[in-house]
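What follows is a group of structures, each given as structure tokens.
Two complexes are shown next, each including chain A; its partner changes from chain B in the first to chain C in the second.
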Partner chain A sequence: MAENLDQSFEESSMSNEEKRKINREQRIQIIAFAFMIGITILAFLAVGSEQLPGVFTIPFILFLAFVQLILQLYYFMHLKDKDHGWPNSFMISGLVLAAPMVVSLILLIGIVKY
Partner chain B sequence: MADTADLSKGLPTNPEKATLEGKNKFLGMFVFLAGEVTMFATFFGTYLGLRDGTAGGPEPADLFQLPLVFIMTMILLTSSLTSVLAVYAMKKNQFQKLKLWMWVTFLLGVSFLSLEIYEFVEYYEHGLGYTSSAFASSFYTLVGLHGAHVLFGLGWILLLLLRYRGTGVTLSNAPKFYAFSLYWHFIDVVWVFIFTVVYLMGIGA
Partner chain C sequence: MVSEATNTLKKSVFWDWMTTVDHKKIAILYLLAGTLFFLKAGLMAVIFRIQLIAPEMEFISGQTFNEFITMHGTLMLFLAVTPIFFAFMNFVVPLQIGARDVAFPFVNALGFWLFFLGGLLLSLSWFFGGAPDAGWTSYVPLASREFGGVGIDFYVLGLQISGFGTLVSGINFIVTIINMRAPGMTMMRLPLFCWTTLLTSILIVFAFTPLAAGLALLMLDRIFDAQFFIPGEGGNVVIWQHIFWIFGHPEVYILVLPAFGMISEVIPAFSKKRLFGYTSMVFAVLIIAFLSFMVWMHHMFTVGIGPIANSIFAISTMTIAVPTGIKIFNWLFTMWGGKLTFNTAMIFAASFVPTFVLGGVTGVMLAMAPVDHLYHDTYFVVAHFHYIIVGGIVLGIFAALFYWYPKMFGHKLNETLGMIMFWLFYIGFHLTFFIQHILGLVGMPRRVYTYLEGQGMDTMNFISTIGAFLMAVAVIILIINIVYSALKSEPVTVDDPWDARTLEWATHTPVPEYNFAQTPQVRSLDPVFYEKIHGNGKMKPAEPLDDIHMPSGSILPFFISLGLFIAGFGFISFHLDLFISPYVLIAIGGIVTFGSMGLRSMQTDHGYHISKETVEEMEKELS
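Presenting the complex of A and B:
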């Protein structure tokens, strides 16, 4: 087997069915990308227009960032696919740990100390 | 297991996970990225805690330029898409396309990094040194850490592209290209939060 690892292939073993599936997936990825560009422009417009109050803008752009996080993780990094159980549990536990870390650091060095 | 991959019909459908080594790299990459999530969280928390401590120096709203940040964001987002397209080309055994999209990713990454260096030089000339204020230190550390990740990613993909320039997709290089694409998407996710939390909130708040 080891000698096969560096062997290149004449063709792919994909069946026509698999090829159709992968091409469809690729189109969905491009749509997800267009959507990400759209919400990025929306976030910049919300701040750049200077028409909206900060109480609205900040939760709004944080929400857009969260939507983009989900799109990147689940589409571009394929967490939505099957056989991604362990990757899902690693990334989710990372995020679950990250949230209280950010909050406690803001409280400890931002509010308590000053 | 390596022995179960059927190679008689050509490249397996998911070449990055066809061998045990590939599967381990795939899983190990996610363990690493989960650790990176928590590391970046500490830097974000520190920045958010210290960003009001400007010590009479330049403030976020005086420095940040939306057009420059917008261009950098678009460049990095696009490079994320090109690495997705590279991985699809890899799965379809189209090695030339894989190389082409990875080179595009590399060039977009280089232009992103050049803009970031230009940005830092500009801020320095506006009087924001690394030790000017608590805001300055935490800003340079957070954004600089992201820039260092981009630099590392560029070295990584350059090495892969040079080493495998003439080999075609194999079971040993497919997991490596795939791991790079995961890393690159993660860098993009971090940037999404940097442009939101650092730049947009710095200007809008």
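Presenting the complex of A and C:
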């Protein structure tokens, strides 16, 4: 049994249905990838052009970063797919736990008091 | 002992233990190593209690005292209690969920060796200019390169390496519990020990990562002249405290949750009742695990973060008492009206409940931010956490030891010696620590190596030290008990010596290499009990008898860890005058570690099979 595990198969055993799914998945990946490159360029432009005021740029690129994160997690790392309940809940609880830590490390390091 | 009869492959004993990936053997390695560190840290405690027995003693110097309390705390938390928990988790969890092993046996072995060699690295500090001496919290600036000696480097790198071990073991347990459950073992049928193991592992993943980051920053500060924590150069010392306690408070729950789980196994078994309020128990631990990340600032009330921040964290801290209270009542109601057997395991478990309550009450007292300015850094805090750690966690460990000992080693521990030990330990514990509440209230500061006469502290310190002696005697009796029982005790041949309820008692004693010849079909919470009532007392199989696929052993986990050990020592030796350049050590260590990892990636190893005939033979022999 174990000896055969190394051998590759000669032809795919996937059904047409599965092949169609894979193709669609690939298309989505490419579109998401292109879109992510797009918003990355946008972010660089927003900062690099030096035309926009800081009050706009900072929230704007943070927003883009957030979109980027969602795309990364849900499309690239497949969190949107079926049977990803556990990874989803781990990812979300990680974010929920890390948020107050980041906030407090920014706000509460003892220089300004609340 | 997992006897040789249960091995299908023949190897030399030494090679077998060095290369083992069997969760039952790794459990025993963890137990041995954890016990060694426990004894070492306990001995230090006895020595510094002797130093405090009378005012102005000169038994040990102030420097040695500082090194001892630092090593005592660090060893107990990271290298004694956690590994002993891992021992029981490794042994029990796969059996309780009906699995043949953990999800990643290789990673399991790696976790053990990383922990052990990391601990060894930390202990090496005694031979190279003194142990760390800045407390287990290692606050900067005391621990910065300006004020802290080379001992702190050992602390940073030793904990970093053993922390990796803890981290990978945590990941391994999460995957095991989520993916390897037997058919029918739904999440809401998991025994509570598995639930607390799962949540502890999640806490480890989320809490040990900030610790690793903090230690890395401290290492950069100390060895590579960075300035994260150096105020004069734009750094900030409070950041260390935040990072440490973001890790540190979840860590205290990492320690107490498995003890909760152990108690929740032992109490139903000896009350002959199912655990009262199983669902509320599960949700209580979930809530505790979540809240434990939201309270870290209660260790920093006196830093001066400001009143609003202090109030928020005071309130979030107090809310933890609610789910904890639910658990306490559930344990009490489990015992209520049950057919109680008070043997050693049960008496340890039952006495956990009141002492833990005392620790919780002082916890809530400490959580009141304004009053904490009085308590902070006094013996009151020492009393608080020892009521939880010794009165809770260590009692839980002893209960678990007596309870699972027959499954692990094939014979019971002696009950008479066990009872003597219990009473000595229990009385000694209260003598040592109860009086420390009062010592703290009259103003004795913690971590100070002596005190003056005539301040009303002499008698109380004397009593406290006597209590410590009693606890030491109790531990010696435990060791005598282990040796005595190994020689004199009758071997346990039945599967289920306690007439207990959960799945681990459906395996043979000694547990064969493959745990279950056929994966069991779980039909209820407390599956073994269910089959005793509704079935014929045996678990129904969920699959036909067949060849069993097993992972093969490997020496690589040891070498991966050894490489990190050498490299870690190399980093430390920037501050040592050795005959060999640090870069050489780092290079050797790196090559060994990454070489072993590469070897592992190249290797094709599909494990081996135990043939159906061998399984049948073994099953016949064991039953």
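To be clear about the criterion, the second predicted complex is superposed on the first by the 103 of 114 C-alpha atoms of A that agree within 3 Å, B and C clash if a C-alpha of one lies under 4 Å from a C-alpha of the other, contacts with A are read in each partner's own complex, and residues count from 1 in each chain.
Note that in this section contacts are C-beta pairs under 8 Å (C-beta built on N, C-alpha and C of every residue); 3 or more make two chains touch, one makes a residue touch a chain.
Just so it is clear, the model here is predicted, and its values are computed rather than measured.
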Which superposed partner A:I37 touches (first chain B, second chain C, both, neither): first
Touched partner set for A:L97, first chain B, second chain C, both or neither: both
Which of chain B and chain C A:L69 touches, first, second, both or neither: first
More chain A residues in contact [chain B versus chain C]: B
Touching partner for A:N16 - first (chain B), second (chain C), both, neither: neither
Contacts of A:G110 with chain B and chain C, given as first, second, both or neither: both
First, second, both or neither for A:W86, with chain B first and chain C second: both
First (chain B), second (chain C), both or neither touched by A:Q51: neither
Those residues of chain A which chain B touches in one complex and chain C touches in the other: 1-2, 5-6, 86, 90, 93-94, 97, 101, 104-105, 108-111, 113-114
List of chain B residues in touch with chain A within their complex: 2-3, 5-7, 9-13, 17, 19, 26-27, 30-31, 33-38, 40-42, 44-46, 48-50, 52-53, 66, 69-70, 73-74, 77, 80-81, 84-85, 88, 91-93, 95, 167-172, 182, 185-186, 188-189, 192-193, 195-197, 200-201, 203-205
Residues of chain C that touch chain A when the two form their complex: 178, 202, 206, 210, 236, 238-239, 242-243, 246, 290, 293-294, 297, 303-309, 547, 549, 604, 606-609
Complex interface listing, chain A residues touching chain C: 1-2, 5-6, 86, 90, 93-94, 97, 100-101, 104-105, 108-114
Residue ranges of chain A in contact with chain B within the complex: 1-2, 4-14, 18-19, 22, 25-26, 29-30, 33, 36-37, 40, 43-44, 46-48, 54, 57-58, 61-62, 64-65, 68-69, 72-73, 76-77, 83, 86-87, 90-91, 93-95, 97-99, 101-111, 113-114
